[in-house]
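Some notes on the structure that comes next.
To keep things simple, chains are lettered A, B, C and D as they appear, and every chain counts its residues starting from 1.
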Amino acid sequence: MKIQMIVTTIAFTLVTLANPAYAQLPDPGMEIVPGRTALLITDPQNDFLSPKGVAWGVVGKSVTDNNTVANIDALFKAAKSNDMPVFVSPHYYFPTDHGWQFEGALEKLMHNIGMFDRKGALTTEDFGKSGADWLEQYKPYINDGVTVVSSPHKIYGPETNDLVLQLRKRGIDKVILGGMSANLCTESHMRELMEQGFEVAVVSDATAAAIVEEGNGYESALINFRFIANTVWTTDEAVEKINASK
Amino acid sequence: MKIQMIVTTIAFTLVTLANPAYAQLPDPGMEIVPGRTALLITDPQNDFLSPKGVAWGVVGKSVTDNNTVANIDALFKAAKSNDMPVFVSPHYYFPTDHGWQFEGALEKLMHNIGMFDRKGALTTEDFGKSGADWLEQYKPYINDGVTVVSSPHKIYGPETNDLVLQLRKRGIDKVILGGMSANLCTESHMRELMEQGFEVAVVSDATAAAIVEEGNGYESALINFRFIANTVWTTDEAVEKINASK
Amino acid sequence: MKIQMIVTTIAFTLVTLANPAYAQLPDPGMEIVPGRTALLITDPQNDFLSPKGVAWGVVGKSVTDNNTVANIDALFKAAKSNDMPVFVSPHYYFPTDHGWQFEGALEKLMHNIGMFDRKGALTTEDFGKSGADWLEQYKPYINDGVTVVSSPHKIYGPETNDLVLQLRKRGIDKVILGGMSANLCTESHMRELMEQGFEVAVVSDATAAAIVEEGNGYESALINFRFIANTVWTTDEAVEKINASK
Amino acid sequence: MKIQMIVTTIAFTLVTLANPAYAQLPDPGMEIVPGRTALLITDPQNDFLSPKGVAWGVVGKSVTDNNTVANIDALFKAAKSNDMPVFVSPHYYFPTDHGWQFEGALEKLMHNIGMFDRKGALTTEDFGKSGADWLEQYKPYINDGVTVVSSPHKIYGPETNDLVLQLRKRGIDKVILGGMSANLCTESHMRELMEQGFEVAVVSDATAAAIVEEGNGYESALINFRFIANTVWTTDEAVEKINASK
């Protein structure tokens, strides 16, 4: 029995050496097909991306290290220059949301610090330049009358908004995904879109995440992007592919 | 080496004191309420948990390190001893699933290695003791006529099966979650159940994940469990709480 | 009285014997449990309920015949008087929604007549007293700071908004359902909530529907309510049960 | 005021006369695009379609009147002859499903009469030629190794199975829909597929429904098909279009 195990271990080691893990984890890739491919940005809002945002204390380092603000901007610019449809999935909380009877850890934290708070769905009082508002430099892209802004998601994924329908109503089945934050809303959007039968290419440096004592959210996202997505690109690769796709 | 460790520890402590992030990540907890709380195990199948399974090469070390097989067994036993409802969400692929036109990385890998393959939904030919079958030692728990086995999930989450309905039809709104694999099906079940308004306590050592060159799936899962779930327990803690709950 | 009852019983028995189907369609009923039961109103908006609304031409007769406006008001009033949670699921279309590439029959019609149109999700310009706004007499109920207004649904059901999550986050698993219009949004909410494991009691005269040459939407809704829901009540019955539930 | 109302009424009547309701309810149509269009049949099972089925007493007349069995056969044949992908969404109940704590009217009825019952998901004991089995004459179409059979739906719609994913994984975004029963599973599939952004053409005589004292399910389905679907075809029209599409 023991010998069998040793043999198995040796065999496995040899296989591993001959056939490194990388070879075991394929990279299926994603071809950009005009008319079927969209850029999707999650939570391009001040609370994550502005030094004045309430989450900057935990995400600022990751946003800065990744050059996330400029990278998301480069994706917006490339998509708009090539008439690629652009979708934004925002994160808002309304006063009644503070009446939830139970919450996960980050939900509780977001509510505690007033993240993404708005005064109501039918008012824009105090909204402009608040933490829930778009990062100022993205407004020309988002407010051009063409970008589709979904209803807000309420936990992390698009299960609670109309994003999937909005993509489908325009024949989109391939999504280039960036935005905030990497292991929460971005990853939950990736996971749900794949459950819904979309192909997803995640742009690994057009996102960032909280780094806290419990762990580095960006590192965990990178691993899951690689395991799950159809492919993972850098912003440079994504921009190049978008420009070449038209 | 030792001095380096001490320095690291001191540095980390200083960072912790200076950086209140730790204080910011709450642990909301989850109270077990009999009649409303269930144990849910994802993928308790040979391909993940048996040394003969096709994924053992990449998950075996993590399964062994965590004592995952015995820990899942302990959860099953504790739940059954206390009449806590038990749900299992399996992973199967049928011949037609090999006709998918596109796949994410791990989907492609699973299909390449024939993971969770069955000959059809309406046949059990070659199923017994196959990689898709239950781990032998769990069969008394799963086949007792009381455990609810959902339809198979097809990517990683319960979006494609009837698990949520089955839980709801029994008044369950709190889930104790274990099973395989940590950053894929287990985490996707956690995420989707939370989007559906369940409370989820993840049992961090009743799961395990693939460790490959691209990353350690277990480490990424641990971070996301802590960020997202209502709470994270060890198997010992979960068993103690289940025993105390009746 | 007694003789009448006996005659009725005999008549009923004869009908049952002759046409056994009647006996086969049970009425499972729904018990109102405080804290777990909510009132849900779909589309309480001018375009359906005001004579100035764009759909009044096709729904006005049904709204008038059913006394729908007063009946919905009675439900709101009863729920508020008994501290029963109230939820509203509205219907809005934004300018980008007019870019959908394909639509079902009523979707196309709604877009053609500008039904539920708003100038944008982040503006209330021209919204007040528009077709998309609440019926004036319901505003005290909806705008009291307690009623939960979900994101807009975009076809007919709550698949595209956060209603299910909002209900679940407050422990609601039983819904008393009224609103507009009977065979479209109301019925799609009933169907989806039941797929999500809620119990649903539909209030058959707190709704109404379009009557057009192709058919009477209200009649078709009544049949489907009876076939599918957990139970069907009149407004009088619902109000009485709500008042008795506290 | 009164005069205004009279004028409005006269104007409306004139509009109605000049522009009949039919004109108000558009028929958007659906173009069959090879590779993107599939035939979907719900519940082609004995309990609905065989005189020996448990529901025949209430659906038999409608099935016979519509020539439903032959019409579904004609759709299968046309699709297979033209290499159009075919999907089947079945309805099964397992022993644990009888442990549901609450049910809608027809759910309760189905459980009471043992409709679609199987002995378990992992056994085919007593399954062959049971009420849950395929209608014998459809087996060559369904069991050809090409037809995709989804997991069972559990209420009426595909929310609880993998149908949507299976369609998407093959690039399908247009569905020709027939099967049983018209106002329950067929209509719920139509509604959910449209919420998911599919185009749906319903084949109005390749379905049928229960006729009970509470109402004629087929009539209600016809109205809702016309109001909601992208278009409604007869079997003859559908077959002609499928044959012309290749």
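Going forward, contacts are C-beta pairs under 8 Å (C-beta built on N, C-alpha and C of every residue); 3 or more make two chains touch, one makes a residue touch a chain.
Being a predicted model, the structure only gives us computed values, none of them experimental.
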Shared interface numbers for chain A and chain B above half of all numbers used, same, or below, different?
same
How many angstrom lie between the centres of chain A and chain C, each centre taken as the mean Cα position?
36
Centroid spacing, where centroids are CA-atom means, of chain C and chain D in whole angstrom:
24
For chain D, residue numbers touching 2 or more other chains are 102, 155, 159-160, 164-165, 169, 171, 195-196
Just say which it is for the chain contacts: an open line, a closed ring, a star, complete, or other.
complete
Applying the document's contact rule, which stretches of chain D touch chain A when the two form their complex?
164-165, 167-169, 171, 173, 195-198
In the complex, chain B residues that touch chain A
16, 19, 21-22, 24-28, 51, 57-58, 102-106, 108-109, 112, 155-157, 159-160, 183-184, 187-188, 191-192, 194-196, 199-200, 210, 212-217, 219-224, 226-231
In their shared complex, at which residues does chain A touch chain C?
95-96, 99-102, 121-124, 127, 145-149, 151-152, 154-155, 159-162, 164-166, 169-171
